[in-house]
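Structures for review follow.
Consider the two complexes below, in which chain A is the common component and chain B and chain C are the respective partners.
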Partner chain A sequence: MTVSTATTAISTASAARRTDRRIRIARRAATPVIVVLSLGGLLLWLSTLELDSIEQRTLNWDYIFLRTGEHLNLTIVASILVAVLAIPTGILLSRTRSRFTRGFVLGLANVGQATPAVGVVILLAIIWQTGYTTALVALVIYSFLPVLRNTMIGLEQIDPFVKESALGMGMTSGQVLRRIELPLAVPVILAGLRTSLVFCVGVATIATFINAGGLGDMIVNGLKLQRFPVLVTGAVLVASIALLIDWVASVIEDVLRPKGV
Partner chain B sequence: MTPFDLAGLLTFWSRRWDDILELMVEHLVVVLISLAIAMVIGVVVGMLTWNKPIPAAIVIAAAGVALTIPSLALLALLIRPFGLGWTSTVIALTFYSLLPIVRNTIVGLREVPPSVLESAMGMGMGPIKRMMSIQLPIAWPIILTGVRVAAQLTIGIAAIAAYVAGPGLGTLIFNGLSSLGSKNALNFALTGTLGVIILALLVDAAFVQITRLTTSRGLRA
Partner chain C sequence: MPESTDTALTQIASRTDGARIVLDRVSKVYPGQDAPAVEEFSMVAEPGELIMFVGPSGCGKTTTMKMINRIIEPSSGSITIDGRDILSLDPSELRRHIGYVIQQIGLFPHMTIAENIAVVPKLLGWTKQRTADRVDELLQTVQLDPGTFAHRYPRQLSGGQQQRVGVARALAADPPVMLMDEPFGATDPITREKLQAEFLRLQESIGKTIIFVTHDFDEAIRLGDRIAVLSERSQIEQFDTPAAILAEPANDYVRSFIGQGAALKRLALIPVETAVLGAASAAVDHHRIATDDSLRDALDLLIVTGAPAIGVVDRSGTLVGSLTVERISTALGADATALAATRSDEGRLA
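And then the complex of A and B:
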């Protein structure tokens, strides 16, 4: 009796694991399929349209590649800058013993989350200048705090006993940081970076308002000139980029996660 | 490049405070309408799928995809069928609110201990009675946390909706952009941005109170 209940328990558990795995694989495969289908649908739809001269000026490969390149450039450069600036700052801040500094930074991060991205971009353009550099700085400011916060939280949620045992084994505190704390915090830090990447794709769309290019240009031009195909192409491309970047980040997350975690 | 001028900002506020207040109320109303719609859809979908792993995974994945789409792109696409203004804004904001609400509903309902459900069954409660008087009250604080996250998210996105003639404080921010170079540009943009931040903090504080007041008395800490 007990044996049979035990085996049913095991078989249901393994069934649940199998469903889990199937769901994970399906989710992994879904994004590229959705992106390919929507881009294919877009191409098909565009090929049935009779484009006028205004539409032809934007709906050609050169223009689309130029804008997509600008968009990706803004997103990726901003994310790299954020990673380089925010992760070390987070590590430094998590080492301080000052309650005040910590509370201040986490509070600031919460207010930062409430700040609208459009506001940051446009304010910066007004007090400084318009263009690429301003958009880049706005993106970095905007995604700096979430990554910083995730780095701090990731380092803090580590079991203090683990750190203590590492110290007891004779590791120096630098070794503990490099070989124990950082690897354990990697999932949380990467989750922060992934969020900031997806965010950057969205905010880079707004960069068009301050003349920093990107695919937002196509959306705004389509709106202003009432050319729906141009608008749709811009919107679908931006959405596809966001989905693909999120997907690539999720794959990287899985690869970089330490095996035991 | 506009230098900051505090006296100018204060004059700006004293001359236009009624406009600013009106935009702030509009901003709040559009967010609340969207949240209410998203809450009805999200909680119902969550109640229908929480105990079915595959539909629940599909729903959460779909809502995640929705959240990834940049807001300007979604708003632009909504203009053709729904026109400029309130309707497009409400639809877009509802769309973005769904993920946190659905996910938290599913998580909250799953966290009800099976033994509690079994006792409810033993007392002769049917599935609907169980959901309404046992599961939903226990999951309620988690569901409200989802709504709170959605509120923070949509208050920020609503600012962009002003570009498609949506209501709210975004209007001030875009006024600042279109008067770039003039004396009031900074005042407009700064007022809009600060207004959004203040609104977000006020709503967040309100949610703490709402959560406390609407949580079943036995569950309050």
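And then the complex of A and C:
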């Protein structure tokens, strides 16, 4: 009786695990499927339209590849810069005992994110210059906070006794950081980077206002010239990129998450 | 100076069978606090000795212990291991030669059990083969099958198994000194008793100098060679063998710590063979106790069975005598007299 109950329990558990895995695979596959379907739908719809000369100037492969490339370039370079700047800042901040420094830097990052991105871009363009670099700086300012905050949280949530035992076994504080703290903080830091990436994809559309290209060009042109197909294509492309980048980041998160955690 | 640091460390590290620890008027004052957490603490731990620090929480026992591996830096005083002043050594390198076990265990969750145990050997630059052999050996020492456990992660182990890994990890580089902060405090009573017994057996074979912090007086009696009963600011109220503290508590503070049943606790420390046995006869042979059991076990058997006397058998199982409640009580009295005698001898020598 007991044995059979135990067996049932085990088989239920493994069945639950199988279902779990199936759900996870389904969820994992959902995003690319949705993206492919909407892009396919878009293409199909465009092929049924008679495009006028204005639309033809925008809705051709060269133009679309160019703008998409610009958009991806802005997004990815900005995210790399954010990672390179915000992760070390987060590490330094989590080591400092000065409440003032922490408050000050976090406050600054908060302001960067709270200020509307359009405002930051336009202001920077007025006081500095227009073009790619300005758009990049605005993007970095805007998406700095999630990575900074997650780096700090990731390091602070580590069990203090894990750190104490690492020190007690004779690791230097640098070794504790590299071998214990950072690997354990990786999932949280990556989640911050993922948020930043998705932010960047959206905000990069406003680069068009300061002549820095990107898919914002298509959206704004479509609006201004009242060319509905152009507008829709730009919007669908931006949304697809955001979804795909988020998806890639989630896969990377799963791969880099330390085993055993 | 780095050269002398290296020689000092090598010397400490080579005393794998236990080193002498001397704390001399060690104090710890935290900035912004009037009263010191530890005040003028002096103690000598002999090589291979298992010393228990017992006291209520907040008395400074853990702080005192953590100054030995400099997790907490002393404010004043000196600490030497094997005659070497540890305050002049590099703290990280020093700690690689002092085993450290804490109640919360602190295994690294992202490393396998084998990787956890290999941390200190890796820091010391051991070869892969030597490290792997040592990991296998240690897992067997703490009774975990290497084949089953080496490649698991900490969260896949029970609390008791995790603490065994904690002990194995601390022993990895065969350090002369071990610091243990309530290592079995978080486990359930049955697991704790098992771990304590295993730990005693282990210490018999490795003979490290161990400072063991606990608030559980019964644990202190069970494990310690000597017990330091500590009060506020880590003041030593009494520092002696378990038997001596139970027989003659130095003051009311120590008495309150021992609690009820001091005589029973003492009986648990005295083996049956030290008692003067009565005649062996067939009449007492219904209930048997072995010579290497404790007098407490014998008393327990007398009470449970209600028999006036029980038989005592030696290792081979031959009946060698009998025990009664009176004889047990006489043995307890004789034990106290013997303790007093050694004490006055020591007094005369000093």
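Worth pointing out:
Simple rule for what comes next: the second predicted complex is superposed on the first by the 234 of 261 C-alpha atoms of A that agree within 3 Å, B and C clash if a C-alpha of one lies under 4 Å from a C-alpha of the other, contacts with A are read in each partner's own complex, and residues count from 1 in each chain.
To be clear about the criterion, contacts are C-beta pairs under 8 Å (C-beta built on N, C-alpha and C of every residue); 3 or more make two chains touch, one makes a residue touch a chain.
It should be emphasised that the depicted structure is a prediction, and the values quoted were computed from it without experimental measurement.
Once the two complexes are overlaid on the shared chain, A:Val251 sits clear of chain B and of chain C alike.
Once chain A of one complex is fitted onto chain A of the other, the partner contacts of A:Lys259 are limited to chain C, with no touch recorded for chain B.
Once the two complexes are overlaid on the shared chain, A:Thr31 sits against chain B while remaining clear of chain C. Note on chain A: of its two partners chain C and chain B, the one contacting more of its residues is B.
Contacts of A:Leu49 after superposition: neither chain B nor chain C is touched. Look at A:Pro183: by the touch rule set out above, it reaches chain C but stays clear of chain B.
Taken together, the two structures place no residue of chain A in contact with chain B in one case and with chain C in the other. By the touch rule above, chain A contacts chain C in their complex via residues 159, 161-172, 175, 180, 183-184, 258-261. In the complex of the two chains, the chain A residues touching chain B come out as 16, 19-20, 23, 26-27, 30-31, 34, 111, 113-120, 122-123, 125-130, 198, 201-202, 205-206, 209-210, 216, 219, 222-223, 228, 231-232, 234-236, 238-239, 242-243, 246. Of all residues in chain C, only 69, 71, 92-97, 100, 102, 104-112, 119-120, 123, 153-156, 166, 169-170, 179 touch chain A in the complex they form. Listed in rising order, the residues of chain B touching chain A in the complex are 1-2, 4, 53-54, 57, 61, 65, 68-74, 76-77, 79-80, 152, 155-157, 159-160, 163-164, 170, 173-174, 176-177, 180, 185-186, 189-190, 192-193, 196-197, 200-201, 204.
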